[in-house]
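Heads up, the next two complexes both have chain A, just with different partners, chain B and then chain C.
Showing the complex of A and B:
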């Protein structure tokens, strides 16, 4: 009964990984696939600053977690009290997570339109800016918009992770702390935070891996604008595989870039496994 | 006591504000989807449309052919759900109840795929495999790929749930002469309906929202596009300025079924998504 899954595993996972690896050493010349050794990797590491910009962007975008995770924690703590409306807040804040990342990208590219865009108009009404900002005109602005959209989408799931963790803390701890005269703030820093430590590590690494692998949102939201400066690892690879328009696809080269990207993610995944394993054994 | 109520009132107001921020993008989209294209481009500051223009939805449905794409999406989604339900519960059952050599090793191999699923990197080779199998020219190719690619989260949800079903039930059935498969079909499946609902919902979300894989499967046959691919296609096709109203109406068409489903079963969604991700 495992056979269907097992066949899928061999054909769609194991074989395809091997196929990407093999492709990365080849090049198509006049309809023929030719073995060219490490040429693609040499090009990637020595002559393609665009790829490394994309890698840097991936890590900059991952920096969103510095906003996202504390925000999720604060919301979880606030919603973890007895309050009739808590469930309504929870359901609404979680909602963006179930929507399609590409549709979210579309919506945010509309909100942040530079001419008569909603966000620009709001900021001008509040006299925070005097002229409309061209959100997709510089790398910094474009990355900022990706971060905002991504935080909006992902805060909810992390909030729920934190809520689950909070609910597993025994209320007796807080009761005895209150008897000893610990205030709300002391309780938060001396009970809540330490008790959440293990869960926080898991959540953080899950979020990092999720962010590193995502392509959809950025692909639709900025599509690399301006001029490829906001591309990330995954959109870079995807575009070389399936370039639409003038540039012909460069299969071998994208396979090489894909392999290197996968190795980068793999290294971080191993860190994840080591960290969680260590915590489990304690 | 009084201080306590004021502080909780401040927290309540703060939460309302934050929730409003979370709703804001969707409300804007909803209102803007009722504006004419002219109004969207020249009066972006107005929240409400001057006159609600429901024709946007009619035009998107008929002229932009979203009718066809919605049917495609429904077809792909229902078939993928059926397939994944069958494969995931079978695999989960075999890993939970089966005893065969190398079971643990195989299970570790399955888990390893979670870390080897390189997302967008795998799409090209998967398409090549589909071409080799001659299933790349129809939506069935996409469905087959989705069903047979290891869906570890779903398998895991199924296995964990089946683990909690008492073994005495299948032992009794085995003594009565039930085969391994009959026990799965007649005894286990009826008992695991809650997790079947969860897996179905999560798969619905994943498939309905999916973009890159259905995009590459329909590149050569635009008539097969799913709704998500078609809506986004309006933006990438370079007719952005002229079709914002259609794009926004299309976005709402794609969002609304998700939201209705979510609001009616939000606890299934939230618990399914958290359990699937954290328990490893």
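Showing the complex of A and C:
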């Protein structure tokens, strides 16, 4: 009965992870795959500051969750009320999530274009800037654009998760609280938030993992510009695996970077679970 | 008894009659030569030509071409076919010649060419690591990509520049770009360089032509090592364009399509372009301006002394394991595919640019805007191959971009690139991944421009 699932696990998880791990100890030399031990890992940890810049960028981009999750919660609470057009707003906010990252990348490329870009024109019309900003010309600007686009893309799905959780809270709790004289704010902090705690933990965990392993949006939006300074962990792995720009593929090194990146994501996930478990037990 | 004898005779004669018929059949049946390609751009033309061949020369010589066109997974298709012993007789190659030879999918022309057909080509067909490997020729470099600078004649005129005097030097490019940008009040710009596209395109058409000034690219063939000093003038030009705001805004976020679209709209004065951009400016982003085409400029200090680079590769390759009975027929088809007639026909249909300048000169130029200018290869030549190495850290396009962005000086960029690439080269040589003798040319002398 469990054989098909077990086979799937072996083929698609155990085998592939093992294969990537094995690749990370090899290099292609003259058409042959040669075992080179820990060379790739030594290079990654001692001679490649670009990888660690990519790791730092990944954490900076993950900072978007500080905006994205509270925003999703606020939207969910607002749209959980009996409003006439609640469903329309829910669909509109959720819509970006079902769009391809390529489309989102293109939309934001046009929005933040230096020449006749909507954002620049808006800022200039509001007299906040006098000359157009080169949004992809510095690392800080490029990362900011990735964060904005990513929040726009993902806030909808998190809002839906929160909505689902909100709808599972019994209305009787709110009715009782109202009878006891609790206002909307008190109800939110003393009923809604505590009741959402478990779901928030899951949503946050999924959002952290999703953000850490995201590559598509950054590839379309900046492709590492300027000068590779907006690469994140996954775009770094991608660019060493496939030929990009003037770089020939380095599959073994890419596998090593992928393995270390997976370990980083795993460690963060474990740390988060441990921290929140402690909180659960309080 | 008579009946038994009759039946026995019939049984004895039946196989004889059968084989006699079979032998007759084999004499009449043409030898089928399998030709596999991934070229879809010339599909109609080639299918028609193959049909004509089969009806005329093929009928006369008992040859039938089986022409098969495949998609993007061509390399997987022919690799599996050769592994199962059913590979084509003639094919395109979707990997490097070294990989093709080591995988055993191709074979040299030597054993087929008993009449020195290869030696009769009026251009160099023996390009190490491109069409020849280990001293043997495997293919003929019939077609090429060329690089040019395209410019907006209307904008030149509107800004007081002579549209018939395109820039000849990097210094001209900087001066013209400054004039265009200043005269256009922030609406139109001197040059568009798409830094975003693979982080490297900005270096593509421009840097491929640095040979025109230096006679070599980033590799010092005589001493067998990388020397990126040839990129200094080009990088200095780009940095000056950027510092003076003559580049189309937001170059770091600009991909090639957007840059070409802006040029086609008339918002850009000059752009580096590759021959495939002819189709782009005719069909994908039809230009709304009078487009001029000129040789890519060179540094004033060096002038246009040498022929600049022509990117070419072998078109047709002989598959491995061709049956000896088919060899003559395969060779006949191979020569036909490489004949001046077919090459000229592809040129006239604006499908390919021939490496042999005589063919373009004698054929009827196709009526496609810009094709003729990109097709004149008189001052272009195929340069020796630069070794491909697995560099650690930044690749040269990013290193030089960072110099343009002011992270470090251009001299430092040259040092960084030389150090990274020569270290990678030494590793590859030590690992026997690269034989330096394949790339080092002690008596190298570049072809002089005419």
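Everything that follows uses one rule, which is that the second predicted complex is superposed on the first by the 253 of 282 C-alpha atoms of A that agree within 3 Å, B and C clash if a C-alpha of one lies under 4 Å from a C-alpha of the other, contacts with A are read in each partner's own complex, and residues count from 1 in each chain.
Keep in mind that, in the parts below, a residue touches a chain if its C-beta (ideal position, glycine included) is under 8 Å from a C-beta of that chain, and two chains touch if they have at least 3 such contacts.
What you see is a predicted model, and the numbers here were worked out from it, not measured in a lab.
Peer 1: Of the two partners chain B and chain C, which one touches more residues belonging to chain A?
Peer 2: Of the two chains, more chain A residues are contacted by B.
Peer 1: Could you say whether A:59 touches chain B, chain C, both of them, or neither, answering first, second, both or neither?
Peer 2: neither
Peer 1: Kindly classify A:109 by the partners it touches after superposition: chain B alone (first), chain C alone (second), both, or neither?
Peer 2: After superposition on chain A, A:109 lies in contact with both partners, chain B and chain C.
Peer 1: Could you tell me if A:174 is touching chain B, chain C, both of them or neither one (first, second, both, neither)?
Peer 2: Neither partner.
Peer 1: I'd like to know which partner A:11 touches here: chain B for first, chain C for second, both or neither.
Peer 2: A:11 contacts chain B only, not chain C.
Peer 1: Based on the superposed arrangement, let me know which partner A:135 touches: chain B (first), chain C (second), both, or neither?
Peer 2: In the superposed model, A:135 contacts chain C only, not chain B.
Peer 1: So in the superposed three-chain picture, is A:29 touching just chain B, just chain C, both, or none of them (first/second/both/neither)?
Peer 2: After superposing on A, A:29 lies in contact with chain C but is clear of chain B.
Peer 1: With the two complexes superposed on chain A, say which partner A:223 touches: chain B (first), chain C (second), both, or neither.
Peer 2: both
Peer 1: May I ask you to decide whether A:241 touches chain B, chain C, both, or neither, giving the answer as first, second, both or neither?
Peer 2: Touch status of A:241: first partner only.
Peer 1: Which chain A residues lie in the overlap of the chain B contact set and the chain C contact set?
Peer 2: Common interface on chain A, chain B vs chain C: 109, 113, 115, 117, 223, 244.
Peer 1: Please name which positions on chain A make contact with chain B in the complex.
Peer 2: Of all residues in chain A, those touching chain B are 1-2, 4-9, 11-13, 15-17, 19-20, 23, 75, 78-79, 81, 83, 85, 88-111, 113, 115-118, 120-122, 125, 152, 157, 160-161, 164, 202, 206, 213-216, 219-220, 223, 234-235, 237-238, 241-242, 244, 251, 254-255, 258-259, 261-262, 265-266, 269, 273.
Peer 1: List the residues on chain A that touch chain C in their complex, please.
Peer 2: By the definition above, chain A touches chain C via 27, 29-31, 34, 43, 47-50, 109, 112-115, 117, 132, 134-137, 142, 222-228, 244-248, 250, 253.
Peer 1: Which chain C residues qualify as touching chain A in the complex?
Peer 2: Its residues touching chain A are 98-99, 102-103, 195-200, 203, 248-253, 255, 258, 262, 267, 388-398, 401-402, 405, 407, 431-433.
Peer 1: Please give the residue numbers of chain B that touch chain A in the complex, ascending.
Peer 2: Touch list, chain B to chain A: 8, 11-12, 14-15, 18-19, 22-23, 25-26, 28-29, 32, 41-45, 87, 90-91, 93-95, 98, 106, 109-110, 113, 115-126, 128-129, 145, 147-150, 155, 180-181, 184, 205, 208-212, 216, 219, 228, 231-232, 235-236, 244, 247-248, 251, 254-255, 258-259, 262-263, 266, 269-270, 273-274, 277-278.
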